[in-house]
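Pasting a structure here, questions to come.
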Amino acid sequence: MANSKYEYVKNFELDDRLPPSNWLVVRIDGCSFHRFSAIHEFEKPNDEHALNLMNACALAMLEQFPDIVFAYGVSDEYRFESHMLSLMSLLHCSKILSITVSFFTSVYVMKWKDFFPQKELMYPPSFDGRVVCYPKVKIILDYLAWRQVDCHINNQYNTCFWMLVKSGKTEHEAQHVLKGTQKQEKNDLLFEKFGINYNTLPAIFRKGSCVYREMVEEIGKLDKNGCPVKRTRRKVTVGHFDIIKTDFWREHPYIIEEN
Amino acid sequence: MANSKYEYVKNFELDDRLPPSNWLVVRIDGCSFHRFSAIHEFEKPNDEHALNLMNACALAMLEQFPDIVFAYGVSDEYRFESHMLSLMSLLHCSKILSITVSFFTSVYVMKWKDFFPQKELMYPPSFDGRVVCYPKVKIILDYLAWRQVDCHINNQYNTCFWMLVKSGKTEHEAQHVLKGTQKQEKNDLLFEKFGINYNTLPAIFRKGSCVYREMVEEIGKLDKNGCPVKRTRRKVTVGHFDIIKTDFWREHPYIIEEN
Amino acid sequence: MANSKYEYVKNFELDDRLPPSNWLVVRIDGCSFHRFSAIHEFEKPNDEHALNLMNACALAMLEQFPDIVFAYGVSDEYRFESHMLSLMSLLHCSKILSITVSFFTSVYVMKWKDFFPQKELMYPPSFDGRVVCYPKVKIILDYLAWRQVDCHINNQYNTCFWMLVKSGKTEHEAQHVLKGTQKQEKNDLLFEKFGINYNTLPAIFRKGSCVYREMVEEIGKLDKNGCPVKRTRRKVTVGHFDIIKTDFWREHPYIIEEN
Amino acid sequence: MANSKYEYVKNFELDDRLPPSNWLVVRIDGCSFHRFSAIHEFEKPNDEHALNLMNACALAMLEQFPDIVFAYGVSDEYRFESHMLSLMSLLHCSKILSITVSFFTSVYVMKWKDFFPQKELMYPPSFDGRVVCYPKVKIILDYLAWRQVDCHINNQYNTCFWMLVKSGKTEHEAQHVLKGTQKQEKNDLLFEKFGINYNTLPAIFRKGSCVYREMVEEIGKLDKNGCPVKRTRRKVTVGHFDIIKTDFWREHPYIIEEN
């Protein structure tokens, strides 16, 4: 066989199988999105169109990859959770990482014009990614709580910062005003200076976005008695919930079931 | 700090640094491109527009990532070579893999309309990827030779196969005719049955595509004596060369220099 | 500094940290112990001195390494279980593997003369090892059950085989007699041919050995009323229990507690 | 099969194959040898018996493992070099690490009484180990040079330190005297204060030990003309050479040959 003298090169590709029976998180973050959002003039502190585009990508991910059971997104980052159900399945890290990041990117570019019909995409956006294994469901919930606490801290700071800047302060001055302030002080500043009640700002900004499969009831065709047949199916859904408290998880126990 | 009780989750992210002083190959392959090329009606056995789109993506890669010194592409696959020059640099496998595959995908979707102005992109294409380390330059050249031999074998077979099918055979009959034939027999079949001299088919089909930096001379402004100043610079270029023989590498020694 | 021009070589040592919050199994197996046991004339099918030496090594391991909570041994193999309690601890695979295997080997050679006072150690015995991570306690118990089922199957076969050989059959004939026999048939063969009730053979042969920390009560000094003070402490102990059923684990819940 | 319901546990053992065509270094270091050498009253700064025992272990290693081509030892550490000659061989990191460290330990304990006939081994010594891959021979030579420079720096310091302590200084005072001194100052101190010419101290202390295969000529039986037949073979040898300069390597080119 003509090719056989070179085939030894395949041997350098080492096995990168992930440990079975863990929860996987694929995290996807925009590369240099500080610059990307400046060039594409994203609104500050939150651009609803940009967030909705990210959510549309996440929704497409759950439709494309049935193993992903939950996704949580904030700003230009998204986290996808998947449980490696089958103990026997061989999941290669590079494969999972590359096809998820590639698909996410592909949807982002294709759907851009739906969310920004007036803005041309100036250059190819890209995302970096990482796959991380978590051995227990309790840790995956702590992971998600960590991201949502982070969302809150960043959003509150950014809301104050940009209100100060829009009201005439320089960026440097705004930083100086906020330095060392606590949560309550930031809320007071927003309310007293700008008449903003932080807790009434859109949940998408304050809580980030959750993408998951919701049980929905559908009314189908009539049965032989002429009654409409109800069917239950799981529909990929976007919501903005508190995922630090246990309520959401108690109402959707099937998401984090281990078998 | 509010977030500290959850921060332990970061500890699960293990270090995936690559071994220093190796050559890296990032390989990128279309996911399910059999279906993708059928739905988008790519010409058989080779679609020049589709190949040119792949080459445009590879060219954008070398412009985006200066560490990539050479790329070789065939059909829906591309291989990017990079030498980890700095012994001290910490290169994380996931980072390299995800940003290259994501950028490649992004360019593919953005440039689609330039190469297929009449065809709408029907769904988001995606690519999978892998990073492999090769310790010596000799092995990287064997790797490239392996891909080019493969290109030749596949292209010769596919050219025969599709000529037979286009001339009225079923796919099954065409397979039967070709089963067990050697290289020379396939060339004879093409010439005798279809008047095709295989060796005069476009080099892009027979040899695949190489993307690299060519030394080019440019004539710049006049100097103080009124003579134009010549400048040499490296320009990212696409060509279709034999990379199994040593000629190309002897003419471009700087590509595979180790320091 | 004189050494700095060479210090880059340290950079090639990649991080081999294990994923946190898993159960670890260190497995240790005798290298070429078929030959080792032949040369040192171990009794067949089980050499009690050799098993007791292995158990003494395991006992020394639990005394040396407090993180090891349980060990299970059969023939020339031992499995050590340890739970990575601290989520923050950085456990390097090579370090754990090398120090445990090295210590085990060291004790084996040092204690040889205690168990084989009449036999000289003819050449240096060695052991190979492996560290494996298990994300959940249920899986670690299945792992131990797997080893104990294996112990049973092998021991029953070997007992029959060596009785046949000692009674005059060749090794080949003995294999032929046993081929395809079921558990009950082997027990019948032992009873009918050799008057052996398999279930009354020593438990160390049939069940292997468990090494763990047993709660023991000790009577200490007298208190001020002249009554002896009782104290409870954990003492490393060897036993031969059924670890497939849940009884042992229910009686010693602290062994597999996760925090 | 009785065992099949548990066999899934084998799936957790991930592939830890090393990248082919690299040079391997197995490094072995004494665990807590500061304490071990104090309890066994090793002579300071160098105990010739302890060094000779380490060298005997290294010599046994080269006899046991033909793939090890060179070993370099200093104090309680040893480095074993091996070239992965076969591109196709699958070398598992855990296997290589555990069997080499285990064998080394086993020889150390067995041979103890040959080198310390008057001293009993008080407790089981152990060694930790690590396998590191180096892609090019130039780097492996830099690695060895790094160890030998380190040997020189440490030995010169320790020789001064222990001469000062033996002459009546406290350890603290000795440290203070040596703080910040250069190489030449240390040599002067040894010569002026203690009449010691550092360069005439035994090479084993100053240069460490090299273990490798030396070409030796042997005179065998007489041939038919009555002349003795000369034969060349490779004999495992210990020496104390400069391995920073290229002389040793030029005289023994076969050690670092890549095929």
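As written, the chain order gives the labels A, B, C and D, with residue 1 at the start of each chain.
Criterion: contacts are C-beta pairs under 8 Å (C-beta built on N, C-alpha and C of every residue); 3 or more make two chains touch, one makes a residue touch a chain.
Predicted, not measured: the structure shown is a model, and the values here were computed from it.
> Look at the interfaces C-D and B-C and say which one is made up of more C-beta pairs in contact.
C-D
> If we define chain centres by averaging CA atoms, which chain lands farthest from chain D? Would you check?
Using the mean of the C-alpha atoms as each chain's centre, the farthest one from chain D is A.
> How big is the gap, in whole Å, between where the Cα atoms of chain B centre and where those of chain D centre?
Once rounded, the distance between the two centres reads 46 Å.
> Taking each chain's centre as the mean of its CA atoms, how far is chain C from chain D in angstrom?
That pair's centroid distance is 32 Å.
> Please report how many Å separate the Cα centroid of chain B from that of chain C, as a whole number.
53
> For chain B, which residues are shared contacts with two or more other chains?
8, 12, 14, 19, 21, 133, 139
> Touch graph of the chains shown: is it line, ring, star, complete or other?
complete
> List the residues on chain B that touch chain D in their complex, please.
Touching chain D from chain B are residues 19, 21-22, 133, 135-136, 139.
> If you look only at chain C, which of its residues touch chain D in the complex?
2-3, 6-9, 12-14, 28, 31, 60, 93-95, 97-99, 101-110, 121, 124-134, 139, 142-143, 145-146, 149-150, 153, 183
> For chain D, which residues are in contact with chain A within the complex?
Within the complex, chain D touches chain A at residues 8, 11-12, 14-15, 17, 19-21, 87-88.
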